[in-house]
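Chains here go by letter, A, B and C, matching the order in which they are written, and residues are numbered from 1 within each.
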Amino acid sequence: MTNSVVEAPPAQVPDELTPGHSRWHGLRPYAPLAALVVAAIVPYSTLNLPGVFEGPLNSPGTLQLLAVCLVFGGLAAGYDLLFGRTGMLSFGHALYFAAGVYGTDVLITRAGLPLWQAALLTVTGGTILAALLGAVALRTVGIAFAMVTLAFAQVGAILVARDFGGLTGGEEGLPLDVAGLPSALVGVANTVNLYWLALAYLALVVFVVHRVSGSPTGRVLAGLRDDERRIGVLGLDPYRFKLVAFTLAGGLASAGGVVYCLVVSGASPHVTSSELTLSLLVMVVLGGPGTRWGPVLGGILYMYLDHRLTAFGTSDVVNSLPAFLSHPLSQPLFVLGTVFILAVYFFPGGLASLRSRLHPLLVALRRSRPSRS
Amino acid sequence: MSAEPVLSVENLSVRIAGLHILQGVSFEVASAGVTVLLGRNGVGKTTTLRAIVGLTPRNGEVRGTVRMGARSLLARPTHRLVRDGLGYVPEDRCVFAGLTVAENLRLAERRGTAPAYDKVFALFPELDRRGRQRAGSLSGGQQQMLAIGRVLLNDNRLLLVDEPTKGLAPKVVTEVAEVLERVAESVPVLLVEQNLAVVRRLAHDAVVLSAGRVAWTGNAQDLLLETALTKSLLGVGSEVKA
Amino acid sequence: MSTVILLALTGLGLAALYFLVASGLSLVFGLADVLNFAHGLFLGVGAYATWWAAGNLPGAGPSGFGFVVAVAFGVLAGAVVAVLVELVLIRPLYSRTIEQVLVTVGLSLAGVALLQATWGADARPFPRPAWTREVTSVLGANVPNAGLLLIIAAVLVLGGLLAFLRFTRYGLIIRAGVENREMVTALGIDVRKAFTLVFAIGGAAAALAGALGGVYFGTVSPGQGGSLLIFAFIVVVIGGMGSVVGSAYAAVAVGLLQQFVNYYGTSGLGDLCVVGLLAVVLLLRPQGLAGKVAHA
């Protein structure tokens, strides 16, 4: 009956709920910790990767790029809580991120609050905002829900762009007033501290999402994604669980906004745009929805590519191509959008599914070797 | 009794969202008369009909073979099957409420074949009279007539009818049963029905499903006469409803 | 008084723009369950194709009958792109709603970038016949002719669509399919052809919106489609997915509300009120004013 091109992957049981059986199972819990340690010591390395980064790994430029990548890795992981794990398609996630960015910036620059107060207020405010808006939006499902979240985010974008009360700086954005910040976070030489802050944020998000997904609540969320009616039949209220997920994801996004504001020293209107939410969606899908590391990798890779493609697009390599190729390739969004479409068709599980796709190949390779007892 | 069945189902298995609904269901539908598909609520009767006509939901898997004549039905698109002569009257009628009765009928017309309006209006004079009425404002019984009528506009080799008397008043149930009896004189029917009085009136052969498998096949009248068997298979006695 | 007339008519002009974009979107969603993010792309294609035709296509030009040819070319371009999108990208993902949405998202990002790559990110002046730059006095208010043109176009499209739905076979199939797509298939009809058709209609209407919007605003830029699209989505949801008439009512409500509040309140407040209206409608009547129930 179907002449589908691609088979959709089966409903993903979160990694946290599946026991592993591979040979490396014993080492598995330590792998993230090892990765964290490696990431933490990156700024101490003077490793030069020409073509990948513009300077050695410990240069401020590279560190700032990495910091941005890490923040978005965390953002994508938080968004995955909504999309990949609970099956909620929200088109307005950028709102809470933007609330974090602009909240921090406005409170520090316009109200002169110290960093820790501004951060605390911002994250609290962002979480409350998510709870309130989520309570309204979740009265709808599916496409209507997507539309409502999009509309709410648009409100945020309008508020920022119209510059009510001169708070937000309108179209030009609002540079962060660094006078009140702790000196460890100010200055090019201290970019490394911002890098570690971003890394800490990512670690926090991954930890929180991991714990939630492995908990009984996480099981309910996965159930909601796969078949909402069955959850209702169990006597549980889908609305409440979805609201919890929505609020949590919104709070995490606000926290990401705080970090991002520090990393880029300011706020600009593009963080309120629907393109940002769409990019988060692309990150999660490219990485692999509902998996532990997929969205993180997707986020890191996407931001990296976005940065590099801009440079690549204006490079000599591309300029030497005939016009009908060089023009589109000079636009990062064109490349990313196309890659995304191809991924939806040919790689529905994203990067994270690469392992399972390679698995039969690996098994075949293993079998062809003489067996060991 | 002609030898060649109009439909043969072999080893039909259907899984939906990971749940096994049907496992290894096999039966045949005789090329004349009414074959009734019986079973308790939720056992998979509607799933069987829908699998035959190609309407299993996307998260479902269908395996096995379904043959009508020489052709295999599974993996062919629904609209092709219907054009090849498989008429489907779904549970809950599914008339288009926003369209008029005449439009509902007109939808079933096909290019190349003349729609059999005279036959349909002979069976259902009400439909002719109420042509301009919105289908959503029809009574349950009238909607059922419309659902059957539009399928009859074309030539069918087999009719799949799902619970046509559900939710209807007793008098209307009798009318629907009468109509189906007349229809079954010229087209074989695979009928899903819970009302045993209707089954008694119409059915020649019976296939009983239980726990996703075929539990019993044979002559419907014989089944209804065996009270104990009926009770154990269907969970009800053979009380006759007026 | 003349201010009110002016606001009402420019509000209706805005409503006309929204309706042209929303009507196709509503049908596509109502029939095929596809949330087409790339709809804004059809708008851009229509605008740029008209712009290009006015400058380069023999027989077309920035004024007079040549302009009509240019707009017709733009509309055709929009329809063709829409059909290609449906056949190549959407159809293979039949009944996989989430993947379809994702593909349209990717397409909207890539498509707008492609427009930007070809014609630059800056706004270009749009060709307009001289009479569209003038105003007409209506009941004492000086209304821009471009706005009146939009209103007339929208009314014609509305009439045309309703006639199509009411009197043609494909219109019948679409109306039935919006109610119950599966049952249409069970009557032996290949609904997928109807999908392609509604995509084409949607693409054409959006392209017309792009072209006439270019006349109204005076410029064309790659990002135009995106901001209009959000309001078009709101109109679709308020009006009810799958209902052309619903989109018309909703477009009028949204256009007038936006225009009046933006003027009598502060600029931007009108947009907020529109979103508020959406929230209210969704809370009270989730299926919109006239549509089928919006389901997951």
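Basically, a contact is a pair of C-beta atoms (placed from the backbone, for glycine too) under 8 Å apart; a residue touches a chain by one contact, two chains touch by 3 or more.
Because the structure is a prediction, the values reported are computed rather than measured.
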{"item": "Chains linked by the largest number of contacting C-beta pairs", "value": "A-C"}
{"item": "Farthest-lying chain, centroid of Cα atoms versus that of chain C", "value": "B"}
{"item": "Separation of chain A from chain B, taking each centre as the mean of its C-alpha atoms, in whole Å", "value": "51"}
{"item": "Interchain centroid distance [CA atoms averaged], chain A/chain C, Å", "value": "32"}
{"item": "Inter-centroid spacing, chain C versus chain B (mean Cα positions, whole Å)", "value": "43"}
{"item": "Touching two or more other chains - residue numbers and ranges from chain A", "value": "2"}
{"item": "Touching two or more other chains - residues of chain C", "value": "96"}
{"item": "Touching two or more other chains - residue numbers and ranges from chain B", "value": "58, 77-78"}
{"item": "Residue numbers on chain A that touch chain C, as the complex places them", "value": "2-6, 8, 89, 136, 139-144, 146-148, 150-152, 154-155, 158-159, 161-162, 164, 228, 274-275, 278, 281-282, 285, 327-328, 330-334, 336-338, 340-341, 344-345, 348"}
{"item": "In the complex, chain C residues that touch chain A", "value": "29, 35, 37, 89, 92-94, 96, 98-99, 101-103, 105-114, 116-118, 226, 230, 233-234, 236-237, 241, 266-268, 271-272, 275, 278-279, 282-283, 286, 294-296"}
{"item": "Touch list for chain B against partner chain C, complex", "value": "53, 55, 58, 77-79, 82-83, 88, 90, 94, 96-99, 103, 106-108, 110, 150-151, 154"}
{"item": "Complex interface listing, chain C residues touching chain B", "value": "95-96, 172-173, 175-176, 179-180, 182-191"}
